[in-house]
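The two complexes that follow have subunit A in common; it is paired with subunit B in the first and with subunit C in the second.
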Partner chain A sequence: MAMRNAYIDQFPEEARVIRAALWSSFLALMIGGTLGLIQGLHRTNVLRFIPSQDYYTVLTAHGVLLVITFTIFFLVGIFTWAVTTSLDRGVKDIRFTWGWYAMMSLGTLLVGVSILGGVVDQIPMNADVLYTFYSPFQAHPAFYVGFVLFVVGTWLAGFDWFRTWWAWKKDNPDERIPLPTFMALTTMLFWYLSSIGVAISILAFLLPWSLGIIDSVNPLLTRTLFWFFGHPVVYFWLMPAYMLWYTMLPKLSGGKLFSDPLARVVFVLFLILSTPVGIHHQYLDPGIAEGFKFIAMTNTMFLLLPSLLTAFTVVASMEHGARQRGGEGYLSWLKALPWRDPAFTGMALAGLMFAAGGFSGMINAGLSINYLVHNSWWVVGHFHLTVGTAVALTFMAASYWFIPQLTGKEIWNRSLGLVQVVLWFIGMTFMSNAMHRAGLFGIPRRTAEPQYEGFSFDPAVGTVAEIDAQVALGAALLTLSVYLFITNMVLTTIGGSTSDAIPDNTYAGTLSGPEDSPAIIDNLKLWTSIAVVLVIIAYSLPLASIIDAGGLFGPGIDPWKPSVVVDPSLVLESVRGVMP
Partner chain B sequence: MSSAIEKGVDGKHPTDETDQVRELDHDEYDPIGTAILVGIYFLILVALWIFMYFIEFLGNGPTVTGVLLTVVGLA
Partner chain C sequence: MNIHTYEKTWLAVAMVLIVGFIATITYGAVGPGIAMIDDDGGTIDPDTINDDERFSDPGVTHVGGNEYEAAVVAQAWAYTPSEITVPANSTVTFYVTSRDVTHSYTVAGTNVNTMVVPGQVSEMTVEFDEPGEYGILCNEYCGAYHHTMEGKLNVVPEDEFDLTELSTEAPDEAQLGNQTTINTTVSNDMNYDLETTATLEIGNQTVEQDQTVEQDQTVEQDVTVPAHGSETLEFAVDTTDFGTGDHDWTVTVDGHEGSGTLTVTNATEGGDGDA
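Then we have the complex of A and B:
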């Protein structure tokens, strides 16, 4: 028998940290998924066993645990794998790696406990502020401190990968950056740029306000700073999924990545365009001029480009695999793909759902058509296709490949894995489609009881009861799928026996490699500079105008007006003030 | 180039039902199936956009106010 060459054999120390990160991620998935079922049944009035005011605590925990904890812990695990595997060297100091993992964990604990305080009387805290934590909702300081610790932990993780790359570059001065590392680094660059927004929002405004140091905040300013981070964060979740589609899916299909240069262009476009788009979440916010919203919309529409490029490149890579496996014809090559492999099928179905999410995203992005769906259940349907399937299902599917790499053990039951990923796809088809439809006739999001006296929603097709039934059924199937996944992972880790049949730790080769693209693509400084300039163009005037109109700390305490023009009425007012 | 990428296709993967039967290089491979799928996706998007016109402007009445757009919405 040939010597096994899995990730755990190559990098045993790093494998331990990645396992810890993935398990943190899975725990968040299990808790967050369960809470999702409670919400699904409560909202649709199928089963209500919590008081409606507790719905918002549950909703906050569901959002934070799934879109922050689950996704980002998985990301740091996968990026550590990507950087070490593709540079073929370990991290510089494993204690530092454990350090950022510990910091992220401590942050999560603080956030989790403060949210839990909303339903447990013994915990004297409260953070029912939903994932978006808009003021005037106010959380206990522990929530904000925990959030900051978590984000700073990710910054340190990024530094860990950068310095591993710097060390590699010293030894390989003339080499192109290996693709997985290139993807991790470009993703981190826009993450650094965009998370400054949430850091300022928390450290300068929300935390001092929660501690009682300042009396009030400017809600529009903190909202805008939130969305400065809040849209790029969706690409922060998505980029590890893209990385897996580009580097794993072609290999699992039996082929090679169609084009390495196209993949690099896609990640460069995300680096440039992820941040100057956040205002598209605020199309209905008064206080931001339509022109600024139009700039955000234009940038957003450009962002469709890298996703459409991805659809082409990834499908072309799968087709290459299918044809190498003997597939023929215009479309019958699809049958030659390895549909019995849960890692492949899960990722392919996730990509298919992302194509549907792409359409609803185009609707959300349109300045005028957004009015139709804004704050409705449509939006919830949309992001359950994107983060809730494109990202979540890809991560679960990839775990069927990664957990054996990280433990040296075979998956406990691969057939169950296949059932699990298909069940997710079916459950989400029911739930997300029903949510989209519900949003079109105005059923709101973020509402415990969207049933009103003396008023009924009027769907053009079907009934509200039928839509509610689909959502409840979908939520139940999704939760079942999560439990099947967790069961499989637990039994693999504690019950499975070590196997020599684990495949080598590799990622997909390329049909067209980096040598086919100009070296400027790898110039991270150039792309980062362009990203910064675009952010300045998109945000400086809106932020100045928001501060000018509402004050830096809101209208509650003396506003500071950084107006560049002397306002004659203010001069008159101050003159009046000193006159007897 | 790193050693990992040189290893290329993972032929040992336990769930590969059928092994690779041929090697297609860059010039031999023509992604016609991908072009067809992308074309179908494009047609779906166009159909959905047309559908959205009926929902947005004819189903719910105008949601964008202003003389010109209101007239378009009522049309």
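Then we have the complex of A and C:
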């Protein structure tokens, strides 16, 4: 025991908070993943045991739990690890750290209960508004309050890390920011910048509106403010995965990070470019001039650069590791990699799938071709490769390394871990290829029953039945994978035995260190200023023209509270009733 | 800054790729002229849709030449009109707005796809070359029955296309020996006058215009319906020789039909003689 130097030995207090954050994340993954199976079986008409109206409650919960709760709780845990490990000092005040964790948890609880109200009659709430909560859909105020508490919790978490860094800087005035901390701080900077959008949307418009303080909102304005935040948030999910690919994957491969300077450049590019791209989610929106969409498209395309650089560095680092392990040849070095290690294999497979997701993302970013795929199942296939695999599989894989660090216990069953990550890859291969193809001939996303009365879909290759079968099979394998993961984590935590063989808490060294890059790279104020300027260029005119044309509070838009008690035939009557 | 040679090469290739993407999209915009949905449609107060010139009577109208406009109102969970018919080799500008929440107006499997945001009018111009049938669906979540929101787009051969609509109004009953009237309203949404003949047929015989229609006769009236206008025709029907019982009638204008049944009763059985 004396010789062990795992994270829990170095920072026992912080390890407790990180464990709590990771468990919150895993719980969300388990619930959200189960809901995903319900959706996969329902949409494809393999098994329908809920009414289709309730599908949208399930979908809202699936989206919020997986892309907000699962990802961001994991992020705050892993960034706390990154900052404390790389600065080699604990947080300034652990009570503050628990404070932001509690705030995020309370927010999650409020959001979760308000969504649950959509299917539980005893809860007099409804938030069937999906993860995007577009007005004039109006959720229960608790949904918006919960969302705000959660986001403010992340802001405080960021402050916690900045504060730790400031303290470290005082003691180490001439040193470069250690890479993991640099990554956490740059990520938080664009998070602060971008979440201003959703904060304004909720605090100035949606929350007062749901409380009856204001009568109307401008749907295009709140929608645009959502996407001001809604694209950067995908990089917020992705950055912890990138950090793990840069700082853990080379080490797990048996080598070192290829280039520290390029890693910094990549994170600086994300800081600068993450936010002024959100309008690329609104290529099909009326009320936004084509030029603004063009600016967003251009910024988006340049945002490919840091991901392409990452692809290079990750593969180069893996090759370096493989050669350190005795690998040789043009490609046969691949055989020398530690494929039996679930942490390595999971991350490597996640990176591979991210390449595929990146390519479909390039299609989405294409202003004109986007019209073919927008809001189709293609998009769902895309983000199940990105957030659903690059992020989720990396997080699960990393947990096979982190949980022993945080508990001092060996993984209950590493072979099962290997099966789990491979199963995810296989399940996602089935599901995402089918979703992508389905989108090309028009099967829509976010739809309980994509089977229509007046027409049917006509795939160029394969059949709708085959596509549905692949999606249902994929969803089943993915859910099984989640349960194997949770089982392994639970049994490790409660049943695993404390071990002295846990490796030391370290991250990858570098072949080319920070000394190879100019000090200006670490000038966070400079990069933040540039990011702000780009955001002003990309957003001030579109927002001004939306407000100018539609008013700050819209042209008399009535709230629409989602409800499941409406009979569609009555609605059709009412449609006829209001038509002249 | 020290960057490995391979990494520099990769960087260069990545930049070429990115600039290439931007160049192809730019070419698509300025070359073939692929236009995006933008702010040309303007804004609208959803409460005033019924008073709006364009949306109070949504549907397809002819602008001139091979150009058409299609106005559509989206509402949870239907489009008005739900079915759109346009000719092949036409250019159709769609104007779509929403009465309630955000919808989409999406022709499945094509790039005809727009968000429909309340307060905004989406304007998009589409060229239809070949005849065909397409499904229209809403791909933006719009409430509990979102999945039921659909429509139909028919692109028909040019020679089968017109914008003539026919509605008829006639009494169901008439007393034997009385005269009654079958009113026929013909509307024309083409941008030119429609010169055509309206034919009323009761039974299977034909008589000339201006005659009072008697039993088993057909009568024709020439009619000119002005561009974007309508005309109402009156067919006077004398039931003297009809005999009591049901008499089916059909009005035919420009290939469109309206039909009904006139029940002729004895005077003692009641019934309104002259409708």
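Heads up, the rule we're going with is that the second predicted complex is superposed on the first by the 553 of 580 C-alpha atoms of A that agree within 3 Å, B and C clash if a C-alpha of one lies under 4 Å from a C-alpha of the other, contacts with A are read in each partner's own complex, and residues count from 1 in each chain.
Definition applied: a residue touches a chain if its C-beta (ideal position, glycine included) is under 8 Å from a C-beta of that chain, and two chains touch if they have at least 3 such contacts.
What you are looking at is a predicted structure, and each value in this text was computed from that prediction instead of being measured.
Colleague: First (subunit B), second (subunit C), both or neither: which does A:Gly550 touch?
Modeller: second
Colleague: Is A:Asp468 in contact with subunit B, with subunit C, with both, or with neither (first, second, both, neither)?
Modeller: Neither partner.
Colleague: Quick one: is A:Leu304 in contact with subunit B, with subunit C, with both, or with neither? Answer first, second, both or neither.
Modeller: It touches subunit C, and subunit B stays clear.
Colleague: Tell me the contact category for A:Leu331 with respect to subunit B and subunit C: first, second, both or neither.
Modeller: The answer is first: A:Leu331 touches subunit B but not subunit C.
Colleague: After superposition on the shared chain, which partner residues are touched by A:Lys251: those of subunit B (first), subunit C (second), both, or neither?
Modeller: So A:Lys251 only meets subunit B here.
Colleague: Report for A:Asp160: first if it touches subunit B alone, second if subunit C alone, otherwise both or neither.
Modeller: neither
Colleague: Counting touched residues of subunit A, say whether subunit B or subunit C comes out ahead.
Modeller: Looking at subunit A, the partner in contact with more of its residues is C.
Colleague: Kindly classify A:Ser376 by the partners it touches after superposition: subunit B alone (first), subunit C alone (second), both, or neither?
Modeller: Once the two structures are laid over each other on A, A:Ser376 reaches subunit C alone.
Colleague: By the touch definition at the top of the document, which applies to A:Asp285: first (subunit B), second (subunit C), both, or neither?
Modeller: second
Colleague: In the superposed arrangement, which partner chain does A:Arg340 touch: subunit B (first), subunit C (second), both, or neither?
Modeller: It touches subunit B, and subunit C stays clear.
Colleague: Per the definitions at the top, what is the overlap between the subunit A residues touching subunit B and those touching subunit C?
Modeller: The answer is residues 258, 312, 316, 362, 368-369, 371-372, 440, 512 of subunit A.
Colleague: Which part of subunit C faces subunit A closely enough to touch in the complex?
Modeller: On the subunit C side, the touching residues are 1-4, 6-7, 10-11, 14-15, 17-18, 21-22, 24-25, 28-29, 34-39, 41-47, 50, 56-57, 73, 75-78, 80, 99-102, 104, 106, 108-123, 133-135, 137-141, 143-148, 150-152.
Colleague: Give the list of subunit A residues in touch with subunit C in this complex.
Modeller: Contacts found on subunit A: 52-53, 55-56, 59, 128, 130, 134, 136-137, 218-220, 223, 258-259, 261-262, 282-290, 293-294, 297-298, 301-302, 304-305, 308-309, 312-313, 316, 362, 365-369, 371-372, 374-376, 440-450, 452-458, 512, 516-518, 545, 549-550, 554-558, 560, 562-564, 566, 568, 571-572, 575, 578-580.
Colleague: Mind listing the subunit B positions that touch subunit A in their complex?
Modeller: Residues in contact with subunit A: 1-10, 12-26, 29, 31-34, 36-38, 41, 44-45, 48, 52, 55-56, 59-60, 63-64, 69.
Colleague: Any idea which subunit A residues touch subunit B in the complex?
Modeller: Touch list, subunit A to subunit B: 85-88, 175, 178-179, 251-252, 254-256, 258, 311-312, 315-316, 319-320, 322-326, 329-331, 333-334, 336, 338, 340-341, 343-344, 355, 359, 362-363, 368-369, 371-372, 410, 414, 440, 460, 501, 503-513.
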